[in-house]
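Each of the next two complexes has chain A plus one more chain, namely chain B in the first and chain C in the second.
Up next, the complex of A and B:
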């Protein structure tokens, strides 16, 4: 027997999650597709569901001296329209799904769903985002790359809920975003890439590269980035092919209904090179 | 089953329903609002669009638990407004509806756009309707109709 829980406060939600193994339903835009059977039939949930979409306590965006805090219940549309949110994330949301979905879906839901093709996750990796997970006992902070560990696999204990996503301030970071899909709206990405860099005169003082849709999770390697931080812009341009070669081991796409692995690899390398040459 | 209370087309509604039921099924099968259309059933076509607190949702992906306490407006409710008349007239003038299956969703998304942005550019119209598919290939006529209503101005 599957039970449906509709808590009216965060506290109540955490008690429910402590007592029952639940699917957590926010906007429903992933879960309702996965669990859909056919017209007129109820979705086939095989365990309890806890609905958090109406919890006002989880709907907020604010900043402090360290960064921006986005409540897990905040819809994409409210993130897109908020001035505190980094441009990279807004740019990603502009191209994400459709207006209706952006009215319903949450950033935290995209993270929890942990699809390798989750566009906003690529931006969160690039921006060093952290998640705050809460349960009845307290909370813990986890960097996003330690939270997602495979295709739709996350390190969430059964009694935990994502409370918020924290994005540190990056006032001097220049960012770059490319999404490759079959059409402008509503496409599930074939390849996504987010890049970032900081400059001090002609010296590259920060360099970041993250790919989506080309591996089981979003990929980013800080060791490779460190190798090239400190070089001049010209040196980065000269070494562009070497950097692409370094990153290539992470670009391990598959062939599926959306694209082929050959196309994805080629396009990924081209986009990375374009990003590196765009640094100026 | 739970008691689900919300407003439908400006009237309070109380139903007993499974909270995971799709809003689309509640509206079409139980409340007979058949102006809400089911196209793809997976959030890709926009035919099932309804207004929820003034913005468009895909009702096929909305569990009824998510609309508790909210105001839902379907094309049946919206058609009694002056705003509907203005949009529908422009759609008729430009031949923006052929088979009509996408039209309720197109009209509700047009209204949601104009309420937020009364003077959209053509690109903004195309973005606002990017989640609404028309299989009679009527996009140009639809976009022209929306730009025409916007041009005429008026309260949204």
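Up next, the complex of A and C:
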């Protein structure tokens, strides 16, 4: 017997999650696909479902001195249209899925689904996003890379709910985004890359690189980034091939029905180099 | 304001846009039982036994043992069994139907049913020829020893899935002792004949009615006959109304696709002219021949496209493999060879140091010349005008000079092509024998009866328009209902770009005759048999003679940009000119032009379908990629009249014409953008990366 819970407040939702092991349904654009059976049959839910899409308490975007807070129930369409949201994230959402999906899906849902091909996650890694998780007892803050640990694998306790996504301010960060899909819209990514840098005159004072779709999770390595921070633009250009080589160990794509590992590897390297040479 | 000059509102616009049109799955079917195919999960082997679980009351299992008369689906070459009998030849072949009221229960029963096989080693290679055809023109030997340049190249084209909006579906019930069928279909009489053949029943005991149909593209030409034969076998046994609707993944994995091909050309250039071509066309027919012989014939007839080459040695084979049978799809064999030859003729021009554009124009066929199969181009040909107009619209020459250099990452290409309309040769007069009925009631309302299915392309509107225009009465005074085999004589299948050129012509002739005998206020009827041009003679066995009653012509220009970082192609512009004789409704023709070219461009660079161990790897529309509106530019199309003596107001066909030239025009543009040759479609980024990394291209 599977129960469907429709809480009317966050408090009630947390109580339900504390008492029952549930799928949490926000927009449902991933969950309904995963649980889909043949047409005319009900979705194949093997445990309870808790619906959070009507919780107004989770639908907000605001900023404080530290950064932007995006409530877990906020849909892509509302994020896309909000001026507080960093341009990189908006750019990612512009190319993501289709208008009908963007009208339903949430950013937090994309994070919780933890697909290696989840586009917005790449931007969140690059922007040092943190998640606030809540349960009946309280809340905790987790950096996104500590939350996702595999294909559709996340460190969420059964009684926890993502309450919000926090993105620190990055006023001086220049960003770069490439989504390689099989077509211009409604496309599951073959490779994604987000890059970021800050400059002080010709000195690179921050350098960030994050790949999606080429490993079990989004990949970013702060140690490699640190190695090159402090160099001049020219030095970065000269060392572009070396940086690509450093990052290559993280690019371990597979061949599947959408592309080949050879293509994904080659294009990942091309894009990284293109990003590095674009720094000016 | 519309810029269309002779367009009327499509009859079905309102019902489709308002969501009122009833497609097969929408039809009331309250007490119908669901049919759930049980399919083989190996590509090749003997079926030792099937362990069917104990079926609950009201559930049924129907297989080859229940066949009433003949276990074959009536297709051109009838080798495809209704139910696999003791052996399976491809992954997904239907072994049985599980039938019952509850879909979930049927899924459980299917999971519990165990098929025991003696597996055999499957063949996926093109090595076992099931159909071979060959012909010659002129004397190739005389030029193959005396030439300035020669070139041999091989081209490959992939599978293509139709992706009609509405998946395959059928409902069937007994009306007394009469089997009545409504389905998503192209050819009501094909379905009827398939049921009559497998049951061995009297034709009067089968009735096929067409509901609204959401797209077909050839995919519903033969496959519904299979479903009908299976369900008819079941209905004879259990005598309950039945319903079978495919989900999208089933439709992608278990219905027929376009034939993958591999074509090798050797050409000889002497004094700046392509004087001889030798070709071998290889098609993958899958596990059963079905209609593949005709697909091969049409591929071979188009083997040198619309170019005049005096000496030819042509052969072709359909290979039998342990994969899903391939069958009809818009273009029916010719897109494969037209792509290959268009690429080849430009490649060989380059090898000979000649300008590919001028080289192609120099070889365009002219009226009175001999066709590849030693027939004659009887009618006027306006290809030079089509080319000139298309080049002007696209600013071709300027762009060609601008982009044709290494590193431009931009390219423009054009293709010229023909499409034979109607059934091959004299088949319209000898095989189809279409008969069209017009009746007039006491209120002087004229009723038009055809077996042509309007699956979106607009013939309910255009055929009716031909009748009302010819009679000189308002459109509202003519009705044109969907086919019902109890009321409609066969005007043939909705296929082969024959609807307007053949049935449209019949409509015009019948209306002229009705006008001559018109008596106001009196019930009248006129039946018009098809009589084609008497100068068309064709020998199917030797592949010699006049291959088609008439030809339609076209030119496509495609412009692309190329991203050297990701190897992705973006289509930047599309311009087309067509000679369809005369457009009965120009907006409907432009609809075909936009849709056909979009589908062809998808075929050329996006639509990738691979087989691994006999199974299609792309099982959903997230993985089988067709272009979206965002992937395509606005398309510009111009129609130039060139009236055909045996067409309504001079009209020829246009359904397939708009498909056949898109992939090569795109291919040429890609070649210019990357400054390398390509030999394969889809030219997706994975393939283009190989081409860019490989020095040999």
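Simple rule for what comes next: the second predicted complex is superposed on the first by the 280 of 280 C-alpha atoms of A that agree within 3 Å, B and C clash if a C-alpha of one lies under 4 Å from a C-alpha of the other, contacts with A are read in each partner's own complex, and residues count from 1 in each chain.
Throughout what follows, a residue touches a chain if its C-beta (ideal position, glycine included) is under 8 Å from a C-beta of that chain, and two chains touch if they have at least 3 such contacts.
Note that the structure is a prediction, hence the values are computed from the model and not measured.
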item: Which superposed partner A:174 touches (first chain B, second chain C, both, neither); value: neither
item: Chain B versus chain C as contact partner of A:271, first or second or both or neither; value: second
item: Which of chain B and chain C A:185 touches, first, second, both or neither; value: both
item: Which superposed partner A:40 touches (first chain B, second chain C, both, neither); value: both
item: Contacts of A:91 with chain B and chain C, given as first, second, both or neither; value: neither
item: Chain B versus chain C as contact partner of A:51, first or second or both or neither; value: first
item: Which superposed partner A:257 touches (first chain B, second chain C, both, neither); value: second
item: Set of chain A residues, in rising order, touched by both chain B and chain C; value: 38-40, 184-186
item: Chain C residues within the chain A interface of the complex; value: 103-104, 107, 245, 247, 564-568, 570, 606, 610, 617-619, 622-623, 625, 627-631, 684-686, 689, 693
item: Residue numbers on chain A that touch chain B, as the complex places them; value: 4, 6, 25, 27-29, 32-33, 35-36, 38-40, 42-43, 45, 49, 51, 53-54, 77, 97-101, 103-104, 184-186
item: Residue ranges of chain A touching chain C (in the complex, touch as defined); value: 37-41, 178, 180, 182-188, 191, 257-260, 262-263, 266-267, 270-271, 274
item: Contact footprint of chain A on chain B as seen in their complex; value: 2, 18-22, 25, 29, 38, 41-44, 46, 49, 52, 55-58, 60-63, 65-66, 68-69, 109, 112, 127-128, 130-131
